Amino acid sequence: MKKVRVAIFGASGYAGEELLRILLRHPAAEITAITSRKNAGEPVENVFPRFTGSGLKFTAPDVESIAAGCDAAILALPHGLATEFALPLLAHGIRVFDISADFRLKSAAKYKEYYKADHPAPELLAKAVYGLPERYREQLRSADLVACAGCYPTSSILPTAPLLAAGLVSPRGIVVASCSGVTGAGRKVDLPYIFPECNESLRAYGVIGHRHLPEIEQEMAFAAGVPELAINFIPHLAPMNRGINSTIVLDAMPGCTLEKLGEAYEAAYGHEQFVRVLPPRRTSDTKYVFMTNTCEIGYNLDAHTGKVILTSAIDNLTKGASGQAVQCLNIRFGLDEAAGLL
Amino acid sequence: MKKVRVAIFGASGYAGEELLRILLRHPAAEITAITSRKNAGEPVENVFPRFTGSGLKFTAPDVESIAAGCDAAILALPHGLATEFALPLLAHGIRVFDISADFRLKSAAKYKEYYKADHPAPELLAKAVYGLPERYREQLRSADLVACAGCYPTSSILPTAPLLAAGLVSPRGIVVASCSGVTGAGRKVDLPYIFPECNESLRAYGVIGHRHLPEIEQEMAFAAGVPELAINFIPHLAPMNRGINSTIVLDAMPGCTLEKLGEAYEAAYGHEQFVRVLPPRRTSDTKYVFMTNTCEIGYNLDAHTGKVILTSAIDNLTKGASGQAVQCLNIRFGLDEAAGLL
Amino acid sequence: MKKVRVAIFGASGYAGEELLRILLRHPAAEITAITSRKNAGEPVENVFPRFTGSGLKFTAPDVESIAAGCDAAILALPHGLATEFALPLLAHGIRVFDISADFRLKSAAKYKEYYKADHPAPELLAKAVYGLPERYREQLRSADLVACAGCYPTSSILPTAPLLAAGLVSPRGIVVASCSGVTGAGRKVDLPYIFPECNESLRAYGVIGHRHLPEIEQEMAFAAGVPELAINFIPHLAPMNRGINSTIVLDAMPGCTLEKLGEAYEAAYGHEQFVRVLPPRRTSDTKYVFMTNTCEIGYNLDAHTGKVILTSAIDNLTKGASGQAVQCLNIRFGLDEAAGLL
Amino acid sequence: MKKVRVAIFGASGYAGEELLRILLRHPAAEITAITSRKNAGEPVENVFPRFTGSGLKFTAPDVESIAAGCDAAILALPHGLATEFALPLLAHGIRVFDISADFRLKSAAKYKEYYKADHPAPELLAKAVYGLPERYREQLRSADLVACAGCYPTSSILPTAPLLAAGLVSPRGIVVASCSGVTGAGRKVDLPYIFPECNESLRAYGVIGHRHLPEIEQEMAFAAGVPELAINFIPHLAPMNRGINSTIVLDAMPGCTLEKLGEAYEAAYGHEQFVRVLPPRRTSDTKYVFMTNTCEIGYNLDAHTGKVILTSAIDNLTKGASGQAVQCLNIRFGLDEAAGLL
């Protein structure tokens, strides 16, 4: 069988490292290029010693030559820059899987509001398929451009979408409080991220207007079948490497019961390999999804306040980024959806 | 000046260790007894090497003999057991500062609902003063029995009470999401608390009916001037030793502005030594209160949803337990309120 | 191809969890039984949620019925107990891979000295093959009983053996200082291992007479070709989940140079998949072997003191336990040595 | 009583933060200036929120104006820069306590060898008193310039000096393996120190020629009464904020016994407030010295190899830096040696 040839753009960060880890043992994909402006010319082990022996070498991100030797490109680049590469790659007929936020929002206006810049290619927004397989699997089968879902959005949308779609919870007044490990900030060298500033520290940040907010609202509105909704999304930084735990509080609609919640999840995720819905009343734990592509979901109903309480856990680098990109790629190329991910 | 003589009951846990740390450098208090059934007869350094040289020795919790040599007793005992010691100590005229939950609720019915047992001394509930100096300082000056505020409650009540009292936020629909370090579980030897189970783990627990819930609701209702209210309180365990960060989402009332929020805090806490209200829009961080008796508060107003977003950070063992007990003791005995706490 | 059928005895600890993780994606092995006295009858996900969907269930360790359905047994049991299971399993013709210490020492007298009990089956000591493939690959191909190398020994023997064998370093006066993550203590529920006792703690333990000492000395002596040697082995507990870093100081023999050290390593490990020798003067890092079966080795020569300084890093649960057991099993059954381990 | 007026140069790093923490509750010292080029003009709480309310403000390091208002200066500056400030401060009659390495070595040649530059003021090397009170208390009483002992050196010299002086251990072939928390690297914003690079990482560094090596050798030689000695000092980075644990292996001299080791320690440290010698055979733990000025020492004798095994633990920011500087200052100004340090 011919393997899918994959180029990774921006391979020297944590999402890039996770892509390498996954793709190096993927039975039906091979890595044909890894790019890094800073490390061009160096063997991969200079940056990631664990990949010694893979024979991979960073190159400059030269689209022409790379496109000639690949079927798919995964972009682990900063937003804005991703579009600059997506455009010529698409022109060369390469399938593009973008881990950045560039193509996740359907509205160019929202993009401008949250990213403080005009979208560089608004015509692509309608064409891009949102890379969350449990919601958009059919569209992904033929997508040219996949906007892989963000880490916080994945952890927020998967637990809520089936309940919103079933009318079991209200689309109004949703509160999402999430805690992320420090790799969520990328491999960023900045004072707030050095070890002594993070260890024994737990802190909220971006409590108003975080860039993942419109993405979460967009997908929740789609699920609920409403034109718009507004939520509170409050991310926190926690002293761990990997993992996001999201706790979500929603108003139960009349007639909502624990059983109905369970049924909605069973209908939505009963056949999903990468969603694990816990028995009622239990709570998710980042430990149980560490270095896996699974989203773990717990649900509960508080009779005292009439609220549904959801918890979800993902590994931000796997299901929240690189694992999800590979899952989308597997779907797009007709491979086993779990290839490389178990 | 004669020092206040203090006995510590249940001194071999983390709250006990923190009491020792604080009281050993307290200029106006001296420790006259430390009790531990398990370690009776042993020098304190067998359990806490850092206190080598203090000359302290654990004894059995013999109330008669201990009461003869102390003015105050701090109880760092499990709930239920605390009452067994509080009763005879009070009978001997000793001032009692209880770190357990035994006397925090005014309603014996609520106690029974949440602690699954009849309250052992319901007649004391009205008499006990809630040990949160920033709210009950005057009553504390003459209290015989102080029910020191719990860790999660302290982190929830201090940021919300002034806003509820000023009518700037609604008492309905409040959501509190808190993350605690592992010492919050006490020095408990149980599988979920061993290092490999906690490290890289972030998880909610007790999302419905946590025992701190009625305590938080009681004090929020008092502040709001309403007979009752119901909130969602969702605690999480985070991989750190100390610290609680609480994120609180409330409905802004009409006319609420950032300035008015700031003014309400200034009025309430402008002269408080142990509350630090951050400039608007900033967020609290457990790192900045580590091993201090300070509660740090951040506030924000989300025009998008009409919600007030509060964050607060305390050290669960200091302001959330032992530091607060000493602060209450200082007030009760007419000492400098900050003695031993800076 | 018929898969090798593997039973795991004592599957509810961390080594058991790691065996499950590896074997569930092993292309040529299948798990036919997992035992746990405590959890017998429960689905594996009750203990390890990450394995939900595997269909595995813990059973009581009934050798008769389990032996009927397996080709190999991996014992992740406490020492002493391992022998009780190894004997009947061997009698049934099952290949036994023991992760405990029961069969690692060739001398029953040493066993008694360090384990304070007569060896329960001394006649097997000569028969057992030491499960360190880079040293005993040929013998492993036909072994009935494999005594998988311990975690500290693996990290100590791999970096030193080629140098001792080449006469580049002295077998006298070797000092090994190792730091291990907390899973090294097993899934043990005991006060020293709860999170707040380990976090911000680094401490030596067992500095004299640790049970891994005679195992390290035995293998170093074999490598050096001397009847006996005595070393100092000093283990430490570090606040992390996984990983052992060993720093080893040895006397350079006359004529020893960095080049010769590199040549000795190249000869010994140039073709090894699971040993990574770093360029001279660099040092190993547990981070780079996290959740891999690799041993990373760094070497240096201190002209100032005439000492060779080695550092090595392994993941104590993978190369130090379960990964190594699977590597041995792969060799024994003629599979790709790296199957399941990449 | 008139308080000692102290200026802190370079107050925006971790040693500066620790100095602030200590001096703000020092009963006999007051802070009259804190300098930071980068933060000049800002209130201290911009950098360290915990000191809100102290009224302190960073200023530029203007020696003239600062010297006019202080009795002592503590330099928490990079090496090299420290001398630039020490010279004019001494000229103004200010007592200087230098936390950098500038004045620790008695030999300008050694300084050049390890710091790759000519010493900027070699004439001061003989005049500076080494700031390790347990070794040089008498000289410190009248010192104008104190070269506070480094963190690794403190943890290495205190446990070894009494034994070397008593001839119980050999000055030849000493091996020191130390593990340090990440604050040991200062508040440095660099890739190796961000949280995800340190967490789950344990690694040796600077295994040959670390800058603390000649300092340790110098003081060990003084203690042993030999002109020179050479040791192996191997530092490691461990995933924690604070703390150094050193494990030291030395050759026992004929006649050395556990009792004699205990007697040597008793003679040296029996009256010391900040050295805690554990009962024989126990080991030190960084947890027990966290945020204290204590050095904890454990000792053992290995009959098997004839080695003495020492372990020691300090808090690198307290006894390893700022606490020690204040201890020296207390001695120099005739204050209670423990003032501010309990």
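Things worth noting here:
Note that the chains are named A, B, C and D in the order they appear, and that numbering of residues resets to 1 at the start of each chain.
Definition applied: a contact is a pair of C-beta atoms (placed from the backbone, for glycine too) under 8 Å apart; a residue touches a chain by one contact, two chains touch by 3 or more.
In this text, all values refer to a predicted model and were calculated from it rather than measured experimentally.
When the interfaces C-D and A-D are ranked by C-beta pairs in contact, the top one is C-D.
Summarising the inter-chain layout, the chain whose CA centre lies farthest from the centre of chain A is D.
If each chain is reduced to the centroid of its CA atoms, chain C and chain D end up 39 Å from each other.
With centres taken as mean Cα positions, chain C sits 37 Å from chain A. Note: centroid distance chain A to chain D, computed from Cα atoms, is 47 Å. The multi-chain contact residues of chain C, meaning those touching 2 or more other chains, are 181, 197, 199-200, 239-241, 285, 290.
Remark: chain A residues 173, 175, 177, 179, 181, 197, 199-205, 207-209, 230-232, 234, 236, 238-243, 245, 247, 249, 281, 283-287, 290, 298, 300, 302, 304-305, 307, 309, 311, 313 touch chain B in the complex. Against chain B, the residues of chain C that register as touching in their complex are 14, 181-183, 187-191, 193-200, 239-241. Taken in their complex, chain D has these residues touching chain B: 24-25, 48-50, 52-53, 273, 276, 278, 285, 288-292, 294, 296, 342.
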